[in-house]
């Protein structure tokens, strides 16, 4: 964004290439840590860099990465959303309940109609959660932490109420189509979920960096008041951001349930911490005003590589948990290099 | 017809009565100085006019038609621009992005509208050059000096065709040369028919550009007179309370 | 002689129940000599993570998998993938009957619940109101146990109170707190039937609770029939802090899982359903189990 | 603190009694919500206000309240500590492992020695976690969220490694003494854990409001830079705060394990969110600079009253979770009254 | 012997060279004005002297003995007090608490030391009265006006026996009357043998109290001369670059 301009100042030199843009961001340093980690993991386990495993990793991190993109938006505005895990379960459950209901009611006006209606219902329910969060936070000015902790509990409770704790399964005439668009692979290698992720990430990158809306999101995170005073519709942007975050979680819920072939009521329990951690590791700052799409994805990959790598390296499972924590801290430690270099 | 008319405006914060029963009016193209001791209520008054606070009592009329300014966004749409004392800048955006915040320049591509980064940077650089300020449009506000930040806040008011510009101590942090430019700017605004309310603690500046001066003391208006009929000494006495009213 | 690596995947590693299955499997693996038991699963009960770990184990190329199924449909999908990759797969503790797994080793949970109900009828035939405590609301085996208890008590003098079962989410402290809550909410409650051993895993918390109603417990007016037979539970039973326990045999499950997987690898045929059986323990026979 | 002073200003009136001090704080409004809730619960269930149940509630909230006090300190400095749940398990486990080890080694020089050594070991291990967090956050300037998420995982992993997932039980010659000081009741009614809580809360209140250290804690939370520039040893205060938070969690761990007679390896899993929620509901602001001891306790009581009350009211268990979330949001909503009244 | 001596101090932020090769010295009890355009590097210089930044190159000697000022805390202990341009106040503390932050008044009770709230409030009220500022000691800084905040920052330097006081635009936001008081204060400091470095964009103030003026331009020192041998016109020319050096 910040282009160097015609105007010259005697005491301003040229910024070196590693002093600005992506290379000076936390994401870049975490990316470096990730590459080191991948090298180590591939030395520890010969199966790590096999095609099958890479495809697994790609799919696994796409499961949380779309939600992480949404979370990153929320974090940039200085908020937090603890309800994403529950929202993942909600959209998965609603989608499969509606598929079953349509099957039961024998309502199938045209091929794909059952799928379409269920997806709209699933995503719509997720969007409602986001709308609730957004309204409570922007209009009633409640603390994002408490509000979304409340919805975490409310939404999970509703999933249990709706299913009586039993898992539900996508079914009906469009089940195959459902599986194809969620768990399918392009050209037999690339999980479609990864494709969705890339599309979402590109859209988000463009929106954040090349639209007025994106600048407003950043401005709100750094100085909400400044945004308000310059006529930015702060409340609307906040509500949008929470709705987008919940929608992203909803998309992830549908993808996961397609892959599992099931929507267990405890799906994605405690995922919120992982998702927030991925966003923060990727450079989003919980104080607001900083974050990006690339970082979010890098954060997700890092977390998945640690998890998968440790299993493949046959590390004692009790030690795995300890190592996951240690490696996460070590990965962000790399970012300190940046601050010490850029002064 | 007055551009802005305040009638009996009062504002209380808990036990603090920041403004009591303030009334005055501003004509189009008039430059009015607003002076007073620290904590006299000047900034509070500005915030009421620009829609941040709602008065506890009293009413406000702008351009004859509007009885209320509900929000800063609305004030902007009505043609009220403000340089806030705390500058209201987003630290993680560049100077240009701050200037254009809320009214970005966009390019339509199909149904989408994308930012015109270089056009905005160029325009911002122009504005800084006009203010003779050593501020780089592409720098992040986070790393700017006090005066550079103030230049950004001033430049912001130059984007649109305002009818009234409120300047809350716009020259506090800027250097000699830019102070002269800001005073120049106020002269030009006046010629263009734009009204300005200038808050400043610098007596000479107020006497150089304003036609009228309003003096506040502990929340009440103690004087409202033409510059021609007053003197720096009198205003100082009014500010400190040595003279009760005029 | 060929050597094999068999992985045992529990529902959640933070549940002490599965530690016993692990011990059984490790002990049997050591006896067999040519088998390595690898115990790994999600830390908390969550279906996706379990499925991902199973995928990782497939990638790693283990020879056999014994899975305690977290979510039936989800596990069915991955189990089919594992068998397609030529891995021997059985389920234990919790089954996925429609999958391509070769066998199930474990408890019949419905029967287990019924045993709990029957035991309650045996220790307190007069009936009254009772409450249950369960673990995670999404656990299918616990739901079966709850159904089993209800079925066994259907038509008897026992009625379930509203608000039962409470869900402790496998949190031991919370389970004990819920014991107190149930009894406070229903002062005339005549029995509590936890369908897992959680509250008794906290021996002193359990004693504290029971001591408030010790006279009723001693006289049998307040019956405590609990699932699982861990050593500390047997000790509490012996000391008169409970009336009966119904236990599964996780240790055997671990052992049998190894045996079954080895048999499959050797090309032998195995039974599809291998019940490890239940232990019904009361004050009379507690010493046998405490040895 | 803010005493009205001799100097008079014509435009400054007298603040009404409800406009300053405790009555104008979030805590007071949440207290009002709590009282309403207690009234409702006692109408829904006649057993709610019985002596036995009040004693249960008192004990249950003391289990997390001491940790909440520590968390409040951390939150006031603008930090967060996700590792408290794991630290609770660690101190409980270390204490009971050491008791067992001393029993095994037959080391018992004087009565109470086994208890003393185990308690020191348990609290020491908790303090080490806090020291690690504090050093990483204050000295290496890592994000508190990521750092403590790392320790959450590391510490829990270590507990599993040390116990192989098996629960441990306090044992040995001092077991009775251990139970008496953790699970005992004063005069047969007042749980000792409640007494500890009151002592800790009073000490914290005095420290926050009447010592220089307390002012430094508040200053760091509102403007870390201002603290640094005025010569406050910001790093030291931060480290102290994290150590205190972990120590508080350690005390809670020992109390819980004494009451349970057991230190399960999964003790207090996911308690961090409850504890943070209690602090935030009680008025601590995650942005830093605001919070207090009274609020922390009120937050804990509120959460426990909701949980206990819903069980006593025999609400369908599937609905309970939904209601918990809804009531939490409703309780903080009451606080909006304050802002609208005090302008 | 000089109280403070800077030798070839240079400070770079990435590509921006905020200070290049600045050297000068301050004698005890001397009042020196530091002037320059916005972004000239004045605040950066102050931050280096008060230990916030470490110079990229060059060295600094205070009181003959110290080669480095490692941290703001150390600067305070050495006797360097600073009024920062951004004021460095904790919004959620009262004015009195801010003034005493880091050196609270305490009462020993057994092994514990408790705050003396009323003593601190009384002393703070005294300091404000001395500055003739309408600031209430018990008010939270959050709700204060711009000038009241500045008064708090100035009052802070009056607590200890400093040897050198750095004032970075201390009068930017305060009212006429208090400006006079601050200038008075500087006179009194000088008489007490305390050195002052005053940064200000207000030419008359600098010429009223300083003995010497140092002018910065884009990071370099372009002039360092006695007030008596200079004039406002010359200084303005130096600041804007119309005159190269003097």
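Labels A, B, C, D and E are assigned to the chains in the order they are written; within every chain, residues are numbered from 1.
Keep this in mind: contacts are C-beta pairs under 8 Å (C-beta built on N, C-alpha and C of every residue); 3 or more make two chains touch, one makes a residue touch a chain.
Because the structure is a prediction, the values reported are computed rather than measured.
The chains that touch chain B as well as chain D are A, E.
Farthest chain from chain A, judged by C-alpha centroids: E. With chains reduced to the mean position of their C-alpha atoms, the one farthest from chain B is C. Centre-to-centre separation between chain D and chain E, using Cα means, comes to 42 Å. Centre-to-centre, using mean CA coordinates, chain C is 33 Å away from chain D. For the pair chain A and chain C, the distance between C-alpha centroids works out to 35 Å. Contact of a single residue of chain D with at least two other chains is seen at positions 9, 12, 156, 160, 164-165, 316, 318. Among all residues of chain C, those that touch two or more other chains are 13, 43-44, 137.
Those residues of chain E in touch with two or more other chains are numbered 13, 16, 134, 218.
Residues of chain A that touch chain D in their complex: 82, 136, 140-143, 145-147, 149-158, 160-161, 164-165, 270, 273, 276-277, 280-281, 285-287, 316, 318-326, 328-329, 332-333, 336, 339. Residues of chain C that touch chain A in their complex: 13, 38-41, 43-48, 51-53, 55-57, 59-61, 70-74, 76-77, 136-140, 143.
Interface residues of chain D facing chain E in the complex, by the touch rule stated above, are 1-7, 9, 12, 206, 210-212, 215-216, 218-219, 221-223, 225-233, 289-290.
Remark: chain A residues 45, 47, 50, 52-53, 56, 60, 63, 160, 165-167, 169, 256, 259-262, 264-270, 307-308, 311-312, 314, 317-318, 320-321 touch chain C in the complex. Remark: chain B residues 13, 16, 36-40, 42-43, 85-86, 133-135, 143-148, 150-151, 169, 172-179, 201-203, 218, 236, 239-240 touch chain E in the complex.
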